[in-house]
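Both complexes below contain chain A, partnered by chain B and then by chain C.
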Partner chain A sequence: MSKDSQMRAAINQKLIEMGERERLKELLRAKLVECGWKDQLKAHCKDVIREKGLEHVTVEDLVTEVTPKGRALVPDSVKKELLQRIRAFLA
Partner chain B sequence: MSPAGCSHVNGYKVENWKQNLRVIYQCFVWSGTAETRRRKAKSCICHMCGAHLNRLHSCLYCVFFGCFTKKHIHEHAKSKRHNLAIDLLYGGIYCFVCQDYIYDKDMEQIAKEEQRKAWKFAVPNLLTYTTWEPTKRELELLRHNPKRRKITTNCTIGLRGLINLGNTCFMNCIVQALTHTPLLRDFFLSDRHKCEMQSNSCLVCEMSQLFQEFYSGHRSPHIPFRLLHLVWTHARHLAGYEQQDAHEFLIAALDVLHRHWDDNGKKANNPNHCNCIIDQIFTGGLQSDVTCQVCHGVSTTIDPFWDISLDLPGSSTPFWPLSPGGDGSTVNGESHMTGPTTLTDCLRRFTRPEHLGSSAKIKCGGCHSYQESTKQLTMKKLPIVACFHLKRFEHSAKLRRKITTYVSFPLELDMTPFMASSKESRMNGQYQQTVDILNNDNKYSLFAVVNHQGTLESGHYTSFIRQHKDQWFKCDDAIITKASIKDVLDSEGYLLFYHKQFLEYE
Partner chain C sequence: MKMEDMPLSGPDNTRLEALVHDIYSELVDDACLGLSFEVHRAVKQGYFFLDETDQESMKEFEIVDQPGVDIFGQVYNQWKNKECECPNCKRLIAASRFAPHLEKCLGMGRNSSRIANRRLATNNTMSKSESDQEDNDDLNDNDWSYGNQTSPRRSKSLKHKNGTYFFRCRHYNYSSGINYETLGPDEVRSVLTTGCVMPRCPGRSQRCPQHTDEQRRAARVFLLGRPPPLPDVDAVMESDTFDIPDGQSLMSRLQWEDSPDVSPTDSASSKATCCAQNEAKTLRSRSSAQKMVFIENKLNVKHCAPPRKLYSSRTRYALFRNTAERRGEAREAARGGQFEDVMFGHF
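Up next is the complex of A and B:
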C-alpha cells in the first residue's frame, strides 16, 4: 500500500473509532437533503429505472449510472464544510 | 428484483442464523459501542487488497471481507460457493445468484432493529429519519375507516364556532388562536401526547380533544364545557361567570398545559429546562442588561417569557420620547410624531435604555456600592410563536380604564432590531445592515389577533385567525365569518400572535 493510502486508512480508522465518521455521515446527509441534492438524485434514479424497466433494473445499474452525476452535483460549500470538520477533528 | 426476497437465502436461514446476522450488523455495519467501533476500524479492510473503501462487503457464510468495486468479494463467492454477502456501508444483503440486492422480510426486520439500537448509542438526541410504514394495526384502522379528507385551498376544515357559556368569550378567542397555531395543531393531530395522569383532569388531553373537535369536519359550534370546567379547577382565579381577561387566560392556560405536561415529576427538578411542546413553541428568552453609570460594568440576566407586554401611548406613564432625553418634545406624554403609533414603536420603547433614577440605585458588583444605572431589555432568544400583549387595561391606583389608542401592526414583522445580538453589534460600532434579506431567522408572520370591544366593565372579545396563508376569518363566539386583511389590520388589536416564518433544525 502506498504512503497515501496508508494515511487514508489510518485516518479512517481514527474516524470510525471515535464515532466521528457516523456523525460526519449524518451531517453530510442533512446538508445534502437541505441543498436539494437528494431530490435531484432521486429524480435521476427514477429516470434510470424508467429507462431500464422496473423488472430488469439492478442496484448495480443504478450505481453505475448515478454515481458520476451524484459526485458532480455535490455543492462546493458542502465539501468545504465537511473538510473543515475533518481538519478540526484531526487537529 | 423481487420484493419478496429470493429463495437462495433459505440455505442461510438455518440454526442460529438470526443471532449471527445480528452480530454482523452490530460489529461491522452499525457499530454502536466504542468497543465494536474499534473492532470495526481495525478489521474492516479487504482481505485481498487491504483497502477500506470500494464498497466493502462481508461474506455471510464465513469471515471474509472483500471489495465490491474490485470484485474481490465476487471471486470469493464463486470459489467458495458462498452466495450471500452484506454491504458494510448500508447493510444491504447481496445475492450472487440473483446478482442483485435482495430484500428478505426477516432480515430487513433485524437490520432495522440493529440500526435503531446502534443509533441510540452513537449519536444521542439525534432522531434519524426513517420512512414511515404502516403497521398491521394501522392498516386495519385505515381499512375500517375509508373516509378521507382532502385539503383544498378553500376548505374550511379547522374552523369551528364556540358557544359562549356565560361571558366565556375571553376563553373562546384564545382557543381559536391556539387551535390555529400550526405547530401546536400538528403536534396534537399527530397524537403525540401520551397521558400519564391518573385522573381525568389533564388539560393537555382536553386540548387534544379540542383539536379533534375542530378538525372533525363538524360545522356546528362546539360547546367547550369540559375545557371551562378544567380551567376553573386548575386556575381558580379565573373561575366564576364574570368577564375575565383574555391575556390572563392565555398565560394561565399555557401554565397549566406546561405543568400537566409531565406530571410524573420528571421536570420537577428543573422547571426551566422543560422540553414540552409549550416551551418549544412559546418560550423565549428576555435579556436584561443593567449598566452601572460609574464603572460601566454590565450585569446581565436572561428570563424566560411567553409573551411581551407593551405599554401604549395614552397611559399614565409617558410613552414618548422613546430614548431618555431624546428627540421630540412631549406634551401630555404624546409627541408630535405623525401617523399612528406602530407595533415597532412599542417594541422600540420596550427595548430602550432606561435610567433607573437616583431612588432606585443598584448595588454594583464592580464598584461595590450603590450606584445609578440604566437598564435595557432585548430579546435573547425568540420563541417560535411570539405573542404581543398591548396593555390596554390600566389598573393603576388612580383609575381603571381602557386605552383605545389605535396601534398599527404589520402582517410581517422583522424582530432583528430588538435582538440582543443586534444591540451588541451596534455597540461594537458595526453598522446594522438595513435590509438583510438573507437572514431569515427573525422574520415573523401574523396569524391571530384577539380584539376587545367595549369598556372595562362590559366588553366582548373576538378574534381574527389566519387560514391557508392569506385567508382570514373572524371568530365571534359561535359565528365565523370571512374577513379581509384590511379588517384585521384596521382592528384595535389587544393580543397579537406572530409565527416564525422559517423554522430551523436544531
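Up next is the complex of A and C:
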C-alpha cells in the first residue's frame, strides 16, 4: 500500500536524520561482538574459505554464506533489546 | 526525539510491529555485510589466516576452560600459602607480602628511608632522656590544648623562623605554649586567668607544678607592669582582682618595635638609656622565637618541658637555684626536700 510505503519512507528518513539509525547500528555491532557472534561467524567463514580455496573466494560467496547463518545466530536477548529500542523510538 | 503518536488500533499495531521487525532485519543484514567485507578483504590481503600456526603450538596454547584454573591452565592461588625466606633478615615471610617486606628490609623502597629515619628519631628521644629535649618535645608534644582555638595560620612551617623549632605557629600553638606577642588584650586576659602564666608553659592550671609562685609573679610583673597584690598571688581566681591595664601599655611592653620611648635610628644615645634601646633594636630584627627566649631570660626562667619528661640534671639544678635565690632560704627549708622533687620530676 502506498500509504504504508510512504509511512515507511518517512520513518526511515526520520531515523537517519536524527542519527538514531547510526546509534542503533553501533549498538547492535557492539552487542554482537560481545556475545561472540562475530567470532562464531568468522570461524564459519574459515571453513567456507578452506572449502572454496583461498584464491577463489568472492564477496558474493561470503555474503550468501554469512547472511542466513548470521541472522540465525543472533542471540535472543540482543534481538529483544534492539526491537525494544526501535519501538521506543517510534512510539 | 519521538515520532508522532501512532494510534494503537489492531491493524496499525501489526503494521507497526512489522515495521519494527523490518528495521531490525535491515540492521542485522548491515552487520552481516560488514563482516563479510571484512573477511573478504582479509583473505585477499593475506592476513586472514595469520593467527593460525602449526597444529602443535595450537594445541599447546589452547584456551583452558576448567573451574579453579585460569585460561592458561595455571592454578590461581597456588602461591598464597607459600612462605619465602628473606635473604636479608632471614625471616619467613608470606609470598604476597614478600615484595613490600623486601622493599623495607633492604631500604630501597620509596618510603623506606622516611620510616627508618622516623624510627631512629623516636628511638633517640626515648633513649636520651637528658638535655636538649626542647626540639623533640615541641615536635612530638601534641597532647594538650586550650580548647577550640584554631587559626588558619596554625600550620605555618618552622623553617621560616630561622630554622629553630620553638614555634610552630604564630598564634596559639598548644604544643609550644603561649606566645604573648600575637595575642590581643582580651586574649592575654584570658590566658593569664586560665592557665599558667609562664611563657610557653603548657600547664593548664594557674598553679602548674613546674613553676613556682615566685616565677609566676615575676612573669605577671613583667607583662603587666605592676605587681598584683601579694595575698592574691596565690589565690586561685585572680580574674576578679586584676584587670588588664589599658591594652596599649600592655602591648607596648610586649611589642618591642612599638615602644614609644625608643627611637630606632638613634644610634648615638648615651649608654645609660641605651640598654633598653639596644634591646629593642636588636630584638626588632629577630624572630619571635628569639624574642620569646629573651623574655624567658629576663624572667630567669628556663624553657619548660611538659611534665611527663624528665629534666637534665643541669636544668633541674638551675631551676632549683633560681627558686632558692628568690625565695630565700627560709621558704626553701619550709618546702623541704624540694630539691629532690625537682631532681626526680615529681611536683
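Following the convention adopted for this analysis, the second predicted complex is superposed on the first by the 83 of 91 C-alpha atoms of A that agree within 3 Å, B and C clash if a C-alpha of one lies under 4 Å from a C-alpha of the other, contacts with A are read in each partner's own complex, and residues count from 1 in each chain.
Assume a contact is a pair of C-beta atoms (placed from the backbone, for glycine too) under 8 Å apart; a residue touches a chain by one contact, two chains touch by 3 or more.
Everything quoted here is computed from the prediction, not taken from an experiment.
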{"item": "Touching partner for A:Val57 - first (chain B), second (chain C), both, neither", "value": "both"}
{"item": "Touching partner for A:Ile16 - first (chain B), second (chain C), both, neither", "value": "first"}
{"item": "A:Cys45 touches, of chain B and chain C: first, second, both or neither?", "value": "second"}
{"item": "Superposed model, chain A: greater residue contact from chain B or chain C", "value": "C"}
{"item": "Touching partner for A:Gly70 - first (chain B), second (chain C), both, neither", "value": "second"}
{"item": "Touched partner set for A:Asp4, first chain B, second chain C, both or neither", "value": "second"}
{"item": "Chain B and chain C contact sites that coincide on chain A, given as residue numbers", "value": "8, 12, 14, 18, 54, 57-59"}
{"item": "Chain A - residues contacting chain C, complex", "value": "4, 7-8, 11-12, 14-15, 18, 20-21, 24-25, 28-29, 32, 38, 41-42, 45-46, 49, 54, 57-59, 62-63, 65-67, 70-71, 74, 79, 82-83, 86-87, 89-91"}
{"item": "Parts of chain C lying in touch with chain A, wherever the complex brings them together", "value": "1-3, 5-6, 15-16, 19-25, 27-37, 39-40, 43, 48-49"}
{"item": "Chain B to chain A touching residues, read off their complex", "value": "1, 31, 34, 37-38, 40-42, 44-45, 50-53, 92, 99-101, 122-123, 126, 128, 505"}
{"item": "Chain B-facing residues of chain A, complex", "value": "1, 5, 8-9, 12-14, 16-19, 22-23, 26, 30, 54-55, 57-60"}
